[in-house]
Amino acid sequence: MSKLVYLVPLLPLIGFLINGLGRKSLTKSLTAIIGCGVILISFIISLVLFFEVKAGHSEVVTYFDFITAGNLKIPFAFQVDQLSVVFLLIITGVGFLIHVYSTAYMHEESGAHYARYFSFLNLFVFSMLLLVLGANYLIMFIGWEGVGLCSYLLIGYWFKNPEYTAAGNKAFIMNRVGDFGFLLGLFWLIQQFGTLNYSDIFSKAGDMKINDAALVGITLLLFVGAVGKSAQIPLYTWLPDAMAGPTPVSALIHAATMVTAGVYMIARSNLLYTLAPTTMGVVAIIGLATAIFAATIALKQNDIKKVLAYSTVSQLGYMFLGLGVGAFTGAVFHVMTHAFFKALLFLGAGSVIHAMHHEQDIRKMGGLAKRLPVTHWTFLVACIAIAGIPPLSGFFSKDEILAAAFSANTVYWVVGVIGAILTAFYMFRLYATTFLGKFRGSHEQEHHLHESPKAMTWPLIILAILAAISGFVGVPAVLGGHHELENFLSPIFAGSVKLVHDHHEIAHSTEYMLMGVAAGTAILAILYAVSKFSKKPDLEEAQGFGRVLQNKWYVDELYDAIFVKPLKGFSGFLNAVVEKSGIDGIVNGVGRLVNYGGRQLRLLQNGQVGAYILMMVVATLVLFIIQLFV
Amino acid sequence: MTINHYIFLSVALFCIGIIGVLTRRNMIIIFMCIELMLNATNLLLVAFSKMHYLAASVADAATTAGTDGQLFVFFIMVVAAAEVSVGLAIIVMMFRNTHSIDVNFLNRLKH
Amino acid sequence: MNPNDVFITFPELLVWFPLLSGLIIFLLNKEDQVKKLALTSSFITVAIVVASLFFTDKKYYNFNNVSYFWLPSLGSSFALMYDGMGRMLCLLTSLAFPLAFLSSYNKSYTKPNSFYGLMLLMQSGLIGVFCAMDALVFYFFWELALIPAYFLSSRWGGERRIQTTFKFFVYTFAGSLLMLIGIIYVYLHTPDFTFSLRSFMNTKLPTEKEEIIFWLFFIAFAIKMPVFPFHTWQPDAYEQATPSVTMILSGVMVKMGVFALIRWLIPVFPYASQLFANFIIILAVIGMVYASLIAWMQDDLKRLVAYSSIAHIGLMCAAVFARDESGMKGVMIQMFNHGINVIGLWIVVDLIERIWGTRKISELGGLSNASPVLTIFMVVIALANLALPLTNAFVGEFLMFNGLFSHGIWTTAIALFCIILVAIYTLNMVRRVFYGETKRENVLSLKTIDVNVKTALVIVVLIILILGIYPKPMFELTQDSVDVFMSKVKGLF
Amino acid sequence: MIAIILSALWGVVMMFSGIFFKRKSTAGIIAILGIVALIFVSLLEYHSYLYLPLDIKGMLTFSAFSQVFNLVAFICTLIYFLLNASEFEEVGNDVYEYYALIFFILSGICIVTSFNTLLMLFLGIEIISIPLYILAGSDKRNLKSNEASLKYFLMGSFSTGIMLMGIVFLYGATGTFNIQAMHLGADKPTPMVAIGLVLLLAAMSFKVSAAPFHFWAPDVYDGSPTIFTSLMATIIKVASFVAFLRLFDTAFGKMHVQWQLLAAIIAAATLFIGNITAVFQQSVKRMLSYSSIAQAGFMMLSIFALNTFAKEGIILYSAAYSLASIGSFAVLVKMKDYSFEGFNGLRKTNPFLALMNTIFLLSLTGIPLSAGFIAKYYMLIGTVKNGNYFWLAIFAVLMAAISAIYYFRLIQAMYFKEGNAEAKPLSTTYKAALVITAGLVIFIGAFPNVLIKALYN
Amino acid sequence: MGITQLLFWLLTVMTLGSALMVIFSKNPVHSILWLIVTFFSISGHYILLNAQFLAIVNIIVYAGAIMVLFLFVVMLMNLNESSSPVKNKWLRFAGVISGGSLLLVMIGALKDTESMQKEVLMNTGNIGLINNLGIVLFKDYVLPFEISSVLFLSAMVGAVVIGKK
């Protein structure tokens, strides 16, 4: 059966081709069926694979040599193991739901564009599957770039609008900055290990000493790639802009799947990272910083999608914190739960926007609870989940990360908890301003307010259920559970777990205390937020420090000032001065010199015999002197 | 007399000719100076021929060494005569067209 | 068939056939006749090359190598060899011309017969360069490819064409004359006084001389490629020449330089090329960044493409001098792929100019509303240009960077900086030209994207995708040349 | 030997036929007959079917080298006649005399290429020069022609004086005029020999118009009637080069290293001045005269190199350069306007002339597959082989690159510039001759062996 | 210091002096006359060297024929002081300087080299006599002799071509 793994990415590709080539001829419904159908089938296959792997045989399926250069052989191979199937399920599952959702959400689009949308979406799923299935870093990189491309295409889906396309460029280019590091890391890997296959590399890396310079370098460079892809400091600014794309796209790409590619990559190469504690420290700090920093920004955003975007960034920060402190399972766990509730949040937001006729400013909403019951309830579930209130999923995953952070370094934990409080606060600020209070929109908006169609609500409901219960696959031992996910993934992380066995186990009492503090403070924050914003939301422009937050700490402006402008100026200088008058000037100068020489030299030919003979005599004289006295 | 007397004499004569060519603008004079140069060479040739003759006649009295030098002079005179005839013809033609014998009068051809 | 009796070898066939058809075309004067004949002949050439790909085996030696005395007194013999790299580049050449013809098929030139005739002469010259095994023959073809290029691009093209082409000509001519001196010098030191590549390789020059002669060769090739800072002729020439000529210039002729580095320069001067490798790599890398930065500033599509191609060539040059096996393979297939991609770019640019009547990015906009098809082609080719995985350029660039890495991490880092820059300028171009609101109405009806241009573009895109997903054939094709090269430079580092 | 006699005799024949035939056009026919006979005879001589048992006391020696060169010179002359026969009548009334003088010149050329004593060299050069003074001034009404003639005459006879002084000093030092009997050693020359050498170098450089003794050339070439310019600039010049090479190879060959530097300097100067000055010229005729100086610079390389490559090369160069120059001068003659603008758009008005001229110009530039390339190539390989002064070769090629500037300027004018250049009507013989010339240029370029092998029969 | 030396010095002074007069005298006719004087003194030298034949020929050909030809021409053009132009003095200066330095260089190169002390046989030795020269001329030098006829022929033709109206 696992020979059939190639079908998993292939089907979306086929969907892409059919929808892309036949976009003129296909009817919308047909497009929708193809678009969703292929994903559904690959979801089913992934399920089968999952159970196979659970039954306990994971394997590497090789198809053909992609690159063979001297001793460097890179096959086109897929790896089916615990980690990849988990991601397979997330991608295809959530992906399928989002596809279904999109069929309704994108319905106003004309046929061709509709098909274009679905083909891009399928292409994205294809590349994402490639990313997680690849059995070596090159295939991963192919998927890595592929998802980047799709996000570029989908952000700029409404290509008429220059801001949107600009956002697409920004996303792609920032990802390129990440790829810069990633590629460099790959080359270093090749130089170090002579291969890119996971299995060979990890087996070779096993017997390298801790903090080997090469390993630190490689892991850091790979991490740069992850920073770009998963929108961490300093390369996170593209993600909020990426909200320009259609909301389901934001749900799928910029919340559930693509942005977690970095997490996947580090989890995949966990051994290398555990061998390079220095890098681990960097990862943890970056993650923590991102988590808190993004959370602060999210406090003051008024665009519903922007809030969610920054919360995504911050949640990703948590995942990296988890990775940084060695809680790989926790990170993957959080990826899963986050995929559910964040997708749910985005889809809910989408449903709201749909209902409000593309109004995204929460200050113009309010009191939608009655009008959009399904959306409201599902949204609430998601908010509770992300806020980390037991027993919903977010609690378990976040708690696992925080616990690990605590055992690594108390400061991590403190900051992490503060971040969690902020999360709870801004999420419920959003919830309250959107759904509670009374409606603040215009009249025809109010007149048209209605619950979204079934195709949109059902995915919400399913995701809500998942967001609610998915936490129970990872109930920690303290709460009498035995963490199925950890057992399932243990083969992947076995190597690194062996290395960090000295990881001192923290007492149960402490754990209870930690959970209590986290959950309690979160609840307090929620209550404060709800009470504060359900009655009188802050409609006026933020002042003072709030303004700074609202303008995202002016980071974009900063980057513009230190990177973009100088570079532009410099290349302008090169183009105008160095190229034109410098290099080309020299070349033309030679020509002009020859011409000038011709004009001057011919004056020697002054037409007077006397002068000619004189010059001949002088020349003879010179020859004499050279011949006789030199 | 030793040969260097003759060498210096004719070289001097030769250079006088050159100086004449360089300093005068009257083309006839210039031409005459060229003749002067030729005569310098002739003189030196004869001197050399006698020198070689002397050197050779020590070995055998009936040598004809050096004869060729004098014959060369003869040929030079021949050529000179021919040149003069042509040259004067050209000069006359010039004078006919432009009533001047100034070499610098003609410099349409330049640069 | 029996491998030993050959009527005519492939290289000869490939050199003479375009030459003859070119000469025949000179005599015709009906435009459509001329076009048909030119197109057919170019396709036949493709067929020949494709056929030749089945005779790569050792036992077909006589099909692929020819050599007979030409100037015995000079020890020069008309020797052609047809090895992997030669095949690959001949394939590129033979593909480039049909593409060029197709894309401009319904465009009428003044004096079509001389245009197409010269084109085919150039083709024969180029193929000769790629097959020559004898230094003098190599030089001959090197010039023979230049002369038609000169006439083509100064007879047909923009209004500043004469000066720019002339600059290009004198520049390259001076370079190749320097190379001639180098050839002569090496020849005089060959053990058996022949110009054959083999004896050139066996010649051991005194080191201090080798250092000088190396530069004589390198400058010629550097001008041809062109490598920073010898590149200034290129953007003007590309801008001014007529598109189908530009395709050949940038798609094929530029490869002559890279080819010459691999076939002649480094194997003949292994010591000097090792000595100066650092310097040249740094030069090339600087050139890459420099050209990318300038390409960013360009407002003229043609100039933008020109500078981006300078950047790509710089990478090839650097990778060649890194002399790492994987890098070499990268160079090999990148020579082919870059040719195809840049031709695709030119086709699209030419279309845009023909349809919208301008090449200025600032004046264009929202073309995708008018012509989604063109947009799709352009986007695919642009993605190939920035070496996105699963497009043909990726494999090559990946390997080249990898080869460069073996030379040093910092140079690689600087060079890799270009993948960011290339993304910046390519995507900006795509965005400003194709996206947004329509700025300018098309002067021609879109009917002018007629079937032959579409065919050309489809061919390009297919090659891009197929070689992007399954590059293996190219690797196998060029394996032997890489082995020869590596064996030459192995001993030294 | 017979060639010398025959050419001299045919000169006389031409003179007298001037009395019997009144029609100018017959002169051309008779001349062509004569030159054909000359070619035939010298072919027989070359294959030694014909031999004149005449004791010339070692005044001349006819080597294969000189004979091959004579053949080349004769063939070039034949082509020259075929191309310009009609133009002779334009110049003046004394057509028969012009032909007669040219035949005398030919006998002079034969002497100069096979001389063995300085006396014969002197006589030969005079026989070449004196008729040239006349031909230069043959357009009597035209002041430019007069001026050219006068300048050529004055400076020519001056250089004769210089040369004689050189000969005298050599005689003084060695006691003989026979260049083979001089036996000058390889070590540093005595002052007398040195002076003789330098003076002879100067005089010969003057004859071949090598800088800085070239000043006469542009003016004289420019002023004289174009057809005679093309004679002077090609056949005469290469003949003088052969004499130059023969003299310095036989007399001073052993002490080559002692005077190489001078030759190198002269070659470099000639290349530089010739090429650079040609760039700015506005009249094609004058450009071609400067270009002939530039080409002389390349030929000087053979004097510098003085090895087998140089000797074979000078033959090739003579053929290649003479043919190409005669051709493009012949094209020039047919043009109404000699300025560059006068050639604008010749492609449209007269594609045949344009194509032919392009071939000649490409050959002069030294593009492969044209004779010019092989010739230049031989010069360069000789220079590099020589071992010293490697910079000279590089300098030479850079100058060759510059030469492309002015040659291609003409091609540009003909092909890429708009305009309507006017050319005189062309006779069929002219066209045929032009095609033959172009064919030879390409043939020699492709198979130079034919010529090289002839040197070693 | 015998009579020969005396004569030698005398003639030398005459030669050089008259040569200088040739180039410095304003009037062309005068310079022609001075040139004739020079030729005579050179013939004197020939006699001193016992090259009688050349001495005679020199007088006949040069002083007789050529100079008369010059004289004719000058008379024909009836030139006088005024019409004989002068170069600007810088050029003349340069001419004198360069000519003089050429002289100096040659002298400087040639003086005190041992071969310079070779004796020259004065007023004896019979190679200069007409019969010896004649024999050699018509035995060994017959070819150049004939060739020179070609030279004359061409010169004649040329003179005619140029000279006739």
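To keep things simple, chains are lettered A, B, C, D and E as they appear, and every chain counts its residues starting from 1.
Basically, a contact is a pair of C-beta atoms (placed from the backbone, for glycine too) under 8 Å apart; a residue touches a chain by one contact, two chains touch by 3 or more.
All of these numbers come straight from a predicted model, not from anything done at the bench.
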Other chains in touch with both subunit B and subunit D: A, E
Best-connected chain pair, where connection means C-beta pairs in contact: B-E
Label of the chain whose CA centroid is most distant from the centroid of subunit E: A
Central chain of the complex, centres being mean CA coordinates: C
Separation of subunit A from subunit D, taking each centre as the mean of its C-alpha atoms, in whole Å: 79
Whole-Å separation of chain centres (CA-atom averages), subunit A against subunit E: 103
Mean-CA-position distance for subunit E and subunit B (Å): 6
Inter-centroid spacing, subunit B versus subunit A (mean Cα positions, whole Å): 98
Two or more partner chains touched - positions in subunit B: 3, 7, 17-18, 21-22, 25, 30-31, 51, 55, 65-66, 68, 71, 75, 79, 82-83, 86, 90-91, 93, 103-104, 106-110
Numbers and ranges of subunit E residues touching at least 2 other chains: 87, 91, 94-95, 98-99, 102, 106, 109-110, 115, 140-141, 144, 148, 151, 154-155, 158, 162
Interface hub residues of subunit D, defined as touching at least two other chains: 119, 123, 126, 130, 133-134, 137, 140, 149-151, 154, 158, 191, 194-195, 218-219, 405
Interchain contacts, given as pairs of chains that touch: A-B, A-C, A-D, A-E, B-D, B-E, C-D, D-E
Of all residues in subunit B, those that touch subunit A in their complex: 18, 21-22, 25, 30, 103-104, 106-111
Partner subunit B, residues of subunit E touching it in the complex: 4-5, 8, 12, 15-16, 19-20, 22-23, 28, 31-32, 35, 38-39, 42, 45-46, 49-51, 53-54, 57-58, 61-62, 65-66, 69-70, 73-74, 76-77, 79, 83-87, 91-92, 94-96, 98-100, 102-103, 106-107, 110-111, 115-122, 125, 127-128, 132-133, 136-137, 140-141, 144, 148, 151-152, 154-156, 158-159, 162-163
In the complex with subunit E, residue positions of subunit D that touch it: 4, 8, 11-12, 15, 56-57, 59-60, 94, 97-98, 100-101, 104, 107-108, 111, 119-120, 123-124, 126-127, 130-131, 133-134, 137-138, 140, 149, 173, 190-192, 194-195
Contact footprint of subunit E on subunit B as seen in their complex: 1-9, 11-13, 15-26, 28-29, 31-33, 35-36, 39, 42-43, 46-47, 49-51, 53-55, 57, 64-68, 70-71, 73-75, 77-86, 88-93, 95, 101-102, 104
Residue ranges of subunit A in contact with subunit D within the complex: 591, 594-595, 597-599, 601-602, 604-605, 607, 609, 611-613, 615-616, 619-620, 623-624, 626-628
